[in-house]
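Note that chain A is present in both complexes that follow, paired respectively with chain B and with chain C.
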Partner chain A sequence: MFLEYLFYVLVFPGFLFASVLGLIVGWVERKVSAKVQFRVGPPFFQNFYDVFKLMGKEIVLIKNSPYFLFIIAPIIAFASVTITATLVGMSFFYQVGFGADLLFIIYLTVIYSVSLIIGGSSTGNIYSSIGAGREMKMVLSDEVAFILVLLVPIIKAGYTINLAQIINFQANNGMIIGSASGIIAFIIGIICVQAKMGMQPFDIAEAETEIVEGPLMEYSGPLLAFWKLSHYIMYVFFPMLLVILFWGGANLNSVGNVIASIAKYLLVVVLLILIKNTNPRVRIDTALKFFWKYASPLAFIAVILAILGA
Partner chain B sequence: MWNNYLFLIVVIPIIVSIINLVFPKLWKKILTFIGVAITLFLSIKIFAAEALEFSLLDVTLFQTNSLANFILLFINVLSFIILIYSLKNVKEDIENKFFLLFPLAVSFSNGVALSGNMVAFMVFWGLTGMLVYLFGLLSGSKGAESSRKAFIIIGTSDVLLIVGLVIMFLSSQTSDMYSMNVPLSSLLNVIAFICMILSAFTKAGAFPMHTWVPDFAKDAPVESVALLPAAMDKLLGIYLFARIMIDGLFIFPYLVNIIIMVIGVFTIIMAVMMALIQHNGRKLLGYHAVSQVGYMVLGIGTGNPIGIIGGLFHMLNNAIYKSNLFLSFGSVEKKTGTADLDEMGGLARKMPMTFIAALVGALAISGIPPLNGFFSKWMVYQSVLEAAASQTHIWQIVLNVCLVLAVFGSALTLASFIKFIHSIYLSKLPAKYNDVTEVSFANWFGNNLLALMCVIFGLAVYAIPVKLFLLPILPAGSTIKNIMLGFYEPGIILFFFAISIIVGVIIYYIFKKIRFDDEYVGTMPTTEANRITGVEFYDDVKNMRPFKSIYKWANKKYFDIYKYGTDVSLWFGDIFHKLHTGLLHTYAIWTLAGLVIVTLILISAL
Partner chain C sequence: MSKCRIPLGPFHPLLEEAEFFDIKVEGETVVDIEMETGWMHRGHEKISETRSFTQSIYLVERICGICSTSHPFACVNAIEDIDNIQIPERAKYIRVLVGEVERIHSHLLWLGLAGHFIGYDTLWMWAWKYREPILKIAEMISGNRNHYGMMRVGGVGKDFDNELIPKIHPILDAVEKKMVMLSKAAKDDPVLKSRLKNVGILTKEDARDYCANGPTARASGLDMDVRRDDPTAYEVVDFNVITLPNGDVYDKLVARVLEIIESVKIIRQCLDAFSKVDGPVKTEVKEIPPGEGCGRYEAPRGEVFHYMRSDGTNRPIRHKVRAPSFSNIPTYKASCVGIPLADALITLAAVDPCYCCTERSIRTVDTNNNKIDTDLLNISRDKTQKIRKDFLKKAKTPVERIFEKS
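Presenting the complex of A and B:
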């Protein structure tokens, strides 16, 4: 039992699997971006080299700052994304509700943002503080829309927040993405995930060209590697979560199904990457307005449709 | 009589307070400490016993059930911890009076929790309301206006309570609150119901009777704010509310539940939006003290078992972390001499223990797992989903909107606490606070006891709070598994947390190479002049339509029931004022008119 759970969290689908897959998907991201911009792009192992190189660099701590927070924040964030990847991965690969339900998983993902804000702004750097404020506003902006998006599968599957039951429902009644409410919710869900992962056009908190990666500004060495790795692990579980909620999760019982499952996952990833590459960064007030005044009402319509059975 | 716990737990603090009148300051502290320790001991005894009774002159005055036991226990636990904090650094000039009032607050709150008889309930309820006023007055002229406001609003609610209870007495012919079932069949009973609900809402601080809380929180001594509006009044107000909703004081259709849930959600959103833009730390906390009540109202309003324990759990959690936050802010305020968030910054290094307590409190109130605040909110969300599942389409939509707004309210809470933590403890330390030191042991120890409770109630959520305090309130045989919609396995999740954090720490220790330096912006060390306080984080929200106009109206107090109340009473006052012209013949005419009316009434009665 103990070893089994240790395997889940450390090897598959947790730490090791999520990190490796995350770095590979990170390479896909860089490669696709390069293709879109008519560049060659990095070699396959580039992200691995990056992380290992960061591990060897020194950490610069700020004098007279609460650097305990500065150090612990990326570790906590990393732990939270690892657990999320484990829980989502268990549902994705084994079709079980494991450890906790959907609401819990969603709240787990908030830990990443909170750690980023607290760790970043503990340094007292101006850019970090600006970035922290923006990160928080991003959490605010996509929250309503994202919860509405989640409500669609919850309602469709008969008010359950157990991922296994949502997958089961789809196995018996067809994919949620096939319904009118499902497709609307799925599209808005993709945009929300874009915002949750801080990808363009919503990379407002980190905005390299403007506020020098905001909260990450003072981070270096292994601590920065934790942040980068956490970010890549998000590439693993957010698309998986969308596939579980709207597209029936993965099915590994035949070769065709395995390929179909991988294709579903990759399609969501590539959609995310394409949106990233075709949209410039928006201002924070534009993002707030977009999510509160357009995306959320649309998602609300999807919820109403779901309640009415469409 | 003299060996009845229920009697002693109310009387001992009163005796302490009377002795305190004549004793010197140090003895006051010692006596109060001993007195509250005894009541804490008694409350544990009462909690362990099943149901107790205390009668005087053949009338059952005090009575307990599992809900009352639970409330009583935490009244005493929290007052004990707040007392530990208050042993040091209460303002010199108010210390004497503070230790007179403190035992009284404990005694009266215990009285409310224990009263099974409606007259006793009314008396103790009124007395706790009066204590709010007396504590507010300790701040002198600064607190006069806000304590008057609190007193008037609470006083009004006491009148409502009396009206409600009288009607209930007339319709049920009993004054025993444990054996009433009033159906909402007549208009009179509906009025009674509304009166009782409003009275509970005033004490707890829910819309529309909440407006005294933020103002009181701003001006009154911080220890008393942590004790009364943050802890006791929440426990007592929600206690009455829970008695009304679940103990069968009234019998009502489900529509009433839905209306109450909508009020709950409105309370959450409205108060948290106000909190988001505050510059005064105490007012920010005060608005949160209102906003959190919304979750309790929402949860208990659903009427299903998970909602009831979720709402009550949230009440308990809120009492813990809200008094924790008020106390930590009080410590900061004592050291910096200001409650203005713009003035502060970077205090985490200077006051590490206070910071830890505040951070735990802030994360708990924002619902970050695995702290206690998360679990109560999570239960409330589930209860709303469960309530929606069995409704018709239109109510499903309403309840889903409630759920979304409640979740969003939680995000807004997180946002305003990020601002709170950032502007006080993170960012850059202003030079004027270079000499600030940590507060004394009693202060941070008491504070961190509360933080510790937040952590324990979160980590051991099923083993301690749910099993010991919450499930006994539900009908026998309920287990957490069969009332919940979702699931959570603490063993697995906490194991995963531990393992992944250990892995992270190991990786960090293997690779760490550390150098210390200043922080730079464009090759120059940053200066205090252009530091970011964090108070302006949400100006984008503030300046966005339609919030801009709503905030403007709120600043003009358009949403404050107190303003309308005073307007109406001043208008009446004005009329009577105009009648007093000082001319003798006007008075003579009024006298004559009165005489005629009295005569007419007498004649018609014949």
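Presenting the complex of A and C:
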């Protein structure tokens, strides 16, 4: 039993699978972005090369800084996204839920942001500090909308936070995206995922041309590789989560169903990439205003609609 | 809230060249900004004094890779101003053509960079894709994509091949179509608008006080353009000067897009004229007499000014360059203070600063970044006196020789 769980976390669908798939999806992201921008794009193994190269590089630590926090932050972040990927992957591939899945996912995604804040502010670098501050504001802005979005499938599926039961509900009663509350929640959910992953238009915390990658500025070598890998693993589980919650999850019974599942997953990924490529970075106050003024109320309306049964 | 100092530069992804901005922020709000030049100083003016007039033109072409025909344009204007040299009409059209091709590619380059700075990499790549055919035109006309080497004292170095006219027209049509599309998209895109509208406003009064020029001033409502106000070749073509009232980053973007459309019109007029105007493209200039001359030209970033003094030899004895960014960069003091940091950075980029054009001065600082109060001017004068005493046997200076002859 213990070995079985270890296999889930470390091999499939956890660490190893999520990392490899994440790097492949990262290639898809770079290739699609390149095609949108009339570029050629990197070769298939470019992300693997990048990560392996970073693994062999030196870690530069800052004197007179609490570098215990500096080192531990990417590892905590990586662990949290790996466990999230395991949880989401289990319900995506095996239709198995562990009970309080969604509650756990909410906590773990916040832990990623918190470790980004800790890692960024531990360096004492001015750019990192600004980046950490911005990340804090981003968490404050997108979290409410994200939780409200998660509430819609919870209510729809009969007040359960078990992913397997949500999938079962959709298998019997049709997909949640088909309802009015479902489609609103799905759209807001896409935007929240955009913010949680720190992609344009919400890459405010890591704005490269403003604050030089923000919290990640002082990171180098394997620690930076862990950050990058965490980011790519988010490409794996966030689209999967959206597919599970709103689009009936995956079905691996027949060849047709497998292709349909992969297509659903890739469609969400490409949607995220296209939003990334067609928007400039917004200001932090614009983002805050957007989430509190428009996204959260809309998500709240979706929740009310879900309670009313629409 | 405590103040916090953000060192922007000397090397930073926002800046293509080395430049240092000392930004003081409270939270995310900029409260003070100071700039420091001197990282890119190459001493072009001094080198120019060791070159002949013809070589100086090539030298000033290398001041900047983007406005690589603006500096030679102003430089030949200055040399021609010494002796009132008139250039043939066909040469005027060729000069205008090259100048406008450069303006289009420079504005498109800025547009792409502005997109990159606000995190809109798609706009960046697209703008640079549309810039590519323009560089092809430049290559067809002059043989080079960037450093054209067309300007000569008394005309241009290479005649325009009339067979190119049907090849250039379709490229211009395509570019104009894309620019009209882009100006419409900029007006409609809500995210782009929310990012740029009412950001980094430079009022008309501030623009005048800080001597802003070029698109920076025109977007603030100052109606000024050297091409129209002091034409040396542009009197042969007809065009409008784009002025916009608000002075924010959005207006600067729109002003540049509209200027591209205007430049396309100017190029069309030139192409139409080539089939009618024939003749030589260069007046023979044997020598430059003693005297001094000024040359002005409206570079893509604003007015570029060259001053040349000749003593009758084949070399200038003084060559002074004043680039537009030199007066545009200090407008940050007026436009950046009081706005969020994220906006301040795009405002920095919005005047299209060109640091290698600007660098004519050096600020001496100690290790703590405090200004050293050395009397550089007097040190320099003393050194000149010493050199003169030691090495120069002649008692008369070049300036004295000028006045002696005249």
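Just so we're on the same page, the second predicted complex is superposed on the first by the 308 of 310 C-alpha atoms of A that agree within 3 Å, B and C clash if a C-alpha of one lies under 4 Å from a C-alpha of the other, contacts with A are read in each partner's own complex, and residues count from 1 in each chain.
Heads up, the rule we're going with is that a residue touches a chain if its C-beta (ideal position, glycine included) is under 8 Å from a C-beta of that chain, and two chains touch if they have at least 3 such contacts.
Treat the numbers as computed from the prediction; the structure is a model and nothing was measured.
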*Would you check which partner chain A:N277 touches, where first means chain B only, second means chain C only, and both and neither mean what they say?*
second
_Tell me the contact category for A:V36 with respect to chain B and chain C: first, second, both or neither._
second
*Applying the touch criterion given at the start, work out whether A:F44 contacts chain B, chain C, both or neither, answering first, second, both or neither.*
neither
*Figure out whether A:I307 sits in contact with chain B (first) or chain C (second), or with both, or with neither.*
first
_According to the stated criteria, A:I76 is in contact with first (chain B), second (chain C), both, or neither; which is it?_
first
*Just chain B (first), just chain C (second), both, or neither: which does A:D285 touch?*
both
_Comparing the two partners chain B and chain C, which touches a greater set of residues in chain A_ = B
*Who does A:I126 touch here: chain B (first), chain C (second), both, or neither?*
both
*Of the two partner chains, chain B (first) and chain C (second), which one does A:L102 touch, if any: first, second, both, or neither?*
first
*asked:* After overlaying the two complexes on chain A, where does the chain B footprint on chain A coincide with the chain C footprint?
replied: 126-127, 130, 284-285
_In the complex with chain A, residue positions of chain B that touch it_ = 346, 348-349, 352, 355, 359, 363, 366-369, 374, 378, 381-382, 385-386, 388-389, 393, 396-397, 400-401, 403-404, 407-408, 411-412, 414-415, 418-419, 421-422, 425-429, 485-489, 492-493, 495-497, 499-501, 503-505, 507-508, 511-519, 521, 526, 530-532, 534, 536-538, 540-541, 543-544
*Provide the residue numbers of chain A that touch chain B in the complex, in ascending order.*
5-6, 8-10, 14-15, 55-66, 69, 71, 74-76, 78-79, 82-83, 86, 97-104, 107-108, 110-111, 114, 117-118, 121-127, 129-130, 132-133, 136-137, 139-140, 143-144, 147-148, 151, 154-155, 158-162, 218, 221-223, 226, 284-285, 288-289, 292, 300, 303-304, 307-308
*asked:* Considering only the defined contacts, which chain A positions touch chain C in the complex?
replied: 33, 36-39, 126-127, 130, 200-201, 203-204, 207-212, 277-286
*Once bound in the complex, which stretches of chain C touch chain A?*
4-7, 12-14, 28, 115-126, 129, 191-192, 194-195, 340-343, 345
